[in-house]
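Input: structures, listed below.
Look for chain A in each of the two complexes below; its partner is chain B in the first and chain C in the second.
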Partner chain A sequence: MSRDTPHRPAPALAPVAGKRPGPAPRGRPRRAPGPRARHARAAAGFLLPFLALFALCFLAPLGYALHQSLFTTERTGPLGLGGREHEVFAGLANYAHALSDDRFLAGFGRVLLFGAVQIPLMIALATGLALLLDSASARGVAFFRTAFFLPYGVPGVIASILWGFLYVPGISPLVQIAGSLGWDVDFLSRGTVLWSIANIVTWQFTGYNMLVLIAQLKAVPQELYEAARLDGASARQIARHVKLPLIRPALVLTCVFSIIGTLQLFAEPMVLRPLASAIDSGFTPNLHAYSAAFVGNNPHAAAAEAVLLALVACVLSFGFLRLVGGRGTERR
Partner chain B sequence: MTSNHVPRRTVLGGAAAVAAGLALAGCGDGGDADGKGPRERKKGQRIRLTFWSWVPGIDKPVALWNRKNPEVQVTVEKVSAVNGEQYAKMHAAVKAGNPPDLGQIEFPVVPGFLLDNGLLDLAPLGASRYQDKFIGWQWQQSVFGKGIYAIPQASGPMGLFLRQDLFDRWGVRTPRTWDEYEAAAKAIRKRGAWIETFAPTNGNRFAGLAWQAGAAWYTTHGDTWRVHLDDEPTRRVADYWESLVRRGLVKTIPDRQNAWYKDLQTGAIPSWVGASWGDALLVGNAPGTKGKWRAAPLPQWKAGEQAFANWGGSTTAVFAGAHYPKDALDFAVWLNTDPESIALLIDGGYGFPSARTGYRTTDLDADKDFFGGQAYSKVFADAGAHVDTGWRWGPGVDTLYQRLGDAFTDALADGSSFRSVLTKVQRQTVADLKDKGLKVESGG
Partner chain C sequence: MTRPPLRHRIITASLLTVAALYFLVPVYWLAVSATKSSADLFGTFGLWFSDHPHPLAYLGAVLAHDHGIYARWFANSLFYAGTGAVGATGLSAAAGYALAKFPFRGREAVFHVVLAGVLVPGTALALPLYFLFSAMGLANTYAAVLIPSMVSPFGVYLCRIYAAAAVPDALLEAARIDGAGEARIFAGLGLRLMTPALVTVFLFQFVHIWTNYFLPLVMLSDSDLYPVPLGLTTWTGYADRQPVLYQYTVGGALLSVVPLMVLMTVLQRYWRTGLTEGSVKA
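Let's look at the complex of A and B:
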């Protein structure tokens, strides 16, 4: 659940990033209104299934969450037990409640710190691997590409369980080996558990991001490399001055997906929670909303928190796009 | 070309409509194709009831029921009991309007389900005629006002499990009071082990310890709830464990998880303040220590006293909206009173029967060999007879446990006092209940 969002659209987007499908109708003479109307109808026909599903799976839940977030439950009856309950309009009370909850805000601080450290690290690693596999002297490319990508095929929950076994003292061979070397490590302590989660996420998603970058590298015309080589550029210089600038769109894309994924961090802390008392019920904003909905049994508060989370994700990803977009895609 | 467009669009639109229709049907499907609401089973009619539980071995008595009652077939669906996930699932199902017919629900969370109108009042079905079959205070755990909301299944009188071999080797006597327990903790720490873990997230056991000390977290006054989390007995318990934690005499790892099981296996933690149902847990997770364990009464605050408490304990409840409530009730009563069913439940290790009859205490010594031949169930039977039966649970215990867990976790990290945990959680709990639309006040 935690990182679902970034997965789906990417493979479709990345390969076409270089080429744009030509909008055929535009260039045609506009004499008869017939074809144009027909095309509009055709376009509508093709768009309809998408729009229907989009409305059903995206707009409707969003609207429902917004609606839920504005209400609260009131109860009557002796001691509130077995009596009637009804929903009353609460305005922004749920939002005020969420924003005054220290634990909820601390969760945001935590995922922002996580993102500030883990995303650059992961993207740098993915870029490095992509450049290595794309270099002329690379051997066993198919094997390594698959090997690096493989962790992405492991669902987040399973990955967290696997790593959980490697983190728990008394069972983990890592802790044991470190201990025998006189190094007393605790992967699940309050100070380390966030980075233990970062490790799981990096393990899972580096290969995926690498693949997106490789796809973009493959789209670079070979003549550019040839020209660079003729100009006497070394492999390192080609990577630095030709490849990196050209895969900029893919880098931006992977960064945005990672930002969204980080804010939605859920499965890893959820699975590790029983093992680590350092993970509280509001460790990440998503976990806090989950706790509100299913432990506190207060879907209204959870809806408000989810909406706030979506807002922050929106602001951060568009903010990031603006930040990098301002400088243009082609650098000098 | 035009002629091509129209059909295609129609097809697409139709497909989208079908997809939407399917999705909507998926949302609204409560599994009752034949209408809503409770009804009576016609003679000879075959029905199927669903039962959510996590009790080990529960499928065996259910299979027995199914053999004996071909017309009322019960299907067990196992739910996860980690971190209260089963209740999250049940609450979600209640909210969605498609709960199962029956569910395994522990004493502390019964009021939380009443808040949702999640449970069926069994009193109109004449459930009160079964009252005498059960231990009085356990029956009362699910009675609110005139309503009877569940059939009690088992309780969990608390006691002390310990590795007798290690205690003997280290010259540590079985502690009878909490003072002796502290001395034992020091002696054991000197041997490189820890007497216990204080798992910050285990609000359940903390409640049990407070219960033993004489706390009363929830009381009612008219139609107002009073929360007394920060009362004198609870403070005493908090101070006590804080002192053990701060001196490093206990670990603070989560309990009933792999690392803890490992410590039990190796003797790094040679004892456990547990409950009657803990025998199955030890047998299952530390099989190599067979024969070395013993059970002892919970240490007392005053020497010679007989103050005991309950940890866990659960009921079989019928969810509101069950289609055949009468049959569901019959099953719930049979499951928890029939001698054959109780025998099978005991085999599975479900706890201490709530039924008055149908078993002997010695039947409960299912793992005698593991405890070196000790008739360990007597320890828990005696404790059960002295549990302070005035204890009541209130609504929102799930949230309370979570609040306690979070606050204890913070306290362990930043060194704030356990008393401040109580003050904080007291305040939060009052606010939580208010948020739920209940009348509540802060008790002294």
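Let's look at the complex of A and C:
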């Protein structure tokens, strides 16, 4: 009965960035060196391994990308061939070039449209399933929860290969069934392929988001629901007016992670590309940056595009947090 | 507690069943298709078996193809995900413990920089990281995938709030008075009290590395170093010319999906423990 596993509300309510009371009560005998110095030294020892790798894998590439994005390669030989390559400072030219590239901008527009449609749908589905599984009417909760969560463990590439087979005419039983009903569907056409990708992403991540929401629901004291029930609230009213406001922080979290994930869209279009002519090398910003680096052999353009991508992700996720932040604090 | 009315239970059960079909049918298709030859893959109805199902023979062929390259990819995947997740868990535990239990100047600044790392898209970092690693001579090595996999800002965040709540200061003080060194206190007390959070961080990171495509794609060019997803895309790339590869792709996908599904089912309750902590940030 994993459903009844006790949860720890304490960590969930712990202040994230609050100041902690002083380390040692006053008046206790101290050994040299003083506890402050000792603490700082110990903390440094515990922190350094992580911080070193964090600097190497997060800060250094960001700095390197910023630096690279300000330069460009010039070749001195005849026709730009054969001669020595050297880097020259280019200012913001790479950014200007990226921002005036219609295909790059179209890719951004595409993922924004994708996110505006797919994220609300997926979060609504996840919320609905979480509330259903949390309701008293549900049976077989452990089975359903597992079934919904399983696709999260399937890598995006494998999920895309799998759904690709389910989209391609000739193999797909879905196309076959639709055809026998006299319905001619093409999952990979110019107009539909973006939504076919949305389906793959929804399939993969709904269960994960649902699990986050269920975890938050379980962290709420059950007496609260009991009290609402005794006050005569129906199951639907409890879900709407008690549970939904309480899982708001988890909803915000799942939305932010979904926004970041959507901007990085890559594996799905990359895998479906051979099947769908509508997907070109600029289908998503990430695909565009990847092509610039490895097909166009232009690391400077790729760096500028990576920086722009990170920037848009930060602006959108912080913007979203600000947008919803005003009302989310009543629990503190 | 009163039983909900029958009508409610029927509606709930039907909705849940429809959703379960959506999530499970593709996996069912995969399992059925892994018993088919490439010809049957195209020639028979996808949701039912052909007249001559051969599950083991075809899966065996997947493993034997190209001198057993699939087994190598699988071992690589396990190595990247297993080692990377253990490393990430250890580093996050130490860093989170330090941030929770040692007040020092600039602590919140460090924490906020790490938190900002959660919001930076990993793929935006992967390209510059590749150029950086190329310059360092690290590109196209196991380390190129392994080192970035060991850094989990989200893990540090989880470990910090968990340690703050689950490791009492009084206990640490008592151990210090007994003369234990900080490293011993961390290894003996801290890690033990933080175990539920550590399991969660490990699982998160394991799945994250296991499903990651962009980083190995960018870093690796030698197919002997590939993890499974990257390897399978090379097969689909050639399937036009060599149709048997369709069938190998299906079998290979099934073989990679099954172990992780077992793992996720068995360890499901640990996911929930840590996810609760994860959701307070917002």
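By definition in this document, the second predicted complex is superposed on the first by the 272 of 332 C-alpha atoms of A that agree within 3 Å, B and C clash if a C-alpha of one lies under 4 Å from a C-alpha of the other, contacts with A are read in each partner's own complex, and residues count from 1 in each chain.
Just so it is clear, contacts are C-beta pairs under 8 Å (C-beta built on N, C-alpha and C of every residue); 3 or more make two chains touch, one makes a residue touch a chain.
Since this is a predicted model, take the numbers as computed values, not measurements.
A.B. asks: May I ask you to name which of chain B and chain C touches more residues of chain A?
C.D. replies: C
A.B. asks: Is A:224 contacted by the first partner chain B, the second partner chain C, both or neither?
C.D. replies: The answer is neither, since A:224 touches no partner chain.
A.B. asks: Looking at A:45 after the superposition, I want to know if it touches chain B, chain C, both of them or none. Which is it: first, second, both, neither?
C.D. replies: Both partners, chain B and chain C.
A.B. asks: In the overlay, answer first, second, both or neither for which of chain B and chain C A:291 touches.
C.D. replies: After superposition on chain A, A:291 lies in contact with chain B alone.
A.B. asks: Once the structures are superposed on A, label A:147 by its partner contacts, choosing first (chain B), second (chain C), both or neither.
C.D. replies: second
A.B. asks: Taking the superposition on A as described, I'd like to know which of chain B and chain C A:314 touches: first, second, both or neither.
C.D. replies: A:314: touches chain C, not chain B.
A.B. asks: Is A:203 contacted by the first partner chain B, the second partner chain C, both or neither?
C.D. replies: second
A.B. asks: Who does A:299 touch here: chain B (first), chain C (second), both, or neither?
C.D. replies: both
A.B. asks: After superposition on the shared chain, which partner residues are touched by A:277: those of chain B (first), chain C (second), both, or neither?
C.D. replies: A:277: touches chain B, not chain C.
A.B. asks: Tell me which partner A:132 touches in the superposition: chain B (first), chain C (second), both or neither.
C.D. replies: After superposition on chain A, A:132 lies in contact with chain C alone.
A.B. asks: Quick check on the output: what are the common chain A residues between the chain B footprint and the chain C footprint?
C.D. replies: 38, 42, 44-46, 49, 53, 56, 165, 170-171, 274, 294, 299
A.B. asks: Where on chain A is chain C touching in the complex?
C.D. replies: That would be residues 2, 5, 7-8, 10-17, 19-25, 36, 38-40, 42-47, 49-51, 53-54, 56-58, 60-62, 64-65, 68, 125, 128-129, 132-133, 135-140, 143-159, 161-166, 170-173, 176, 203, 206-207, 211-212, 214-216, 218-219, 235, 248-253, 256, 260, 263-264, 266-267, 270-271, 274, 286, 289-290, 293-294, 299, 302-303, 306-307, 309-310, 313-314, 317-318, 321, 328 of chain A.
A.B. asks: Quick one: which bits of chain B touch chain A in the complex? Just the residue numbers, please.
C.D. replies: My answer: residues 1-2, 5, 8-9, 12-13, 15-17, 19-20, 23, 82-84, 87-89, 91-92, 95, 111-112, 114-117, 121, 144-145, 147, 149, 199-201, 220, 223-225, 252-254, 257-259, 262-263, 266, 268, 395-396, 398-399, 402, 405-406, 409-410, 412-413, 432, 435-439.
A.B. asks: If we count contacts the way the header does, which residues on chain C are in touch with chain A in the complex?
C.D. replies: 1, 3-4, 8-9, 11-13, 15-16, 19-20, 22-24, 26-27, 29-30, 33, 41-42, 45-47, 91-92, 94-95, 97-100, 102-105, 107-108, 110-112, 114, 117, 119-125, 127-132, 147-148, 150-151, 153, 156, 161-162, 164-166, 169, 173, 182-183, 186, 196, 207, 210-214, 218, 228-230, 232-233, 236-237, 240, 249-250, 253, 256-257, 260-261, 263-265, 268-269, 271-273, 275-282
A.B. asks: Give the list of chain A residues in touch with chain B in this complex.
C.D. replies: 38, 41-42, 44-46, 48-49, 52-53, 56, 72-75, 78-85, 97, 103, 165, 168-171, 190, 273-278, 280-282, 291, 294-299, 301
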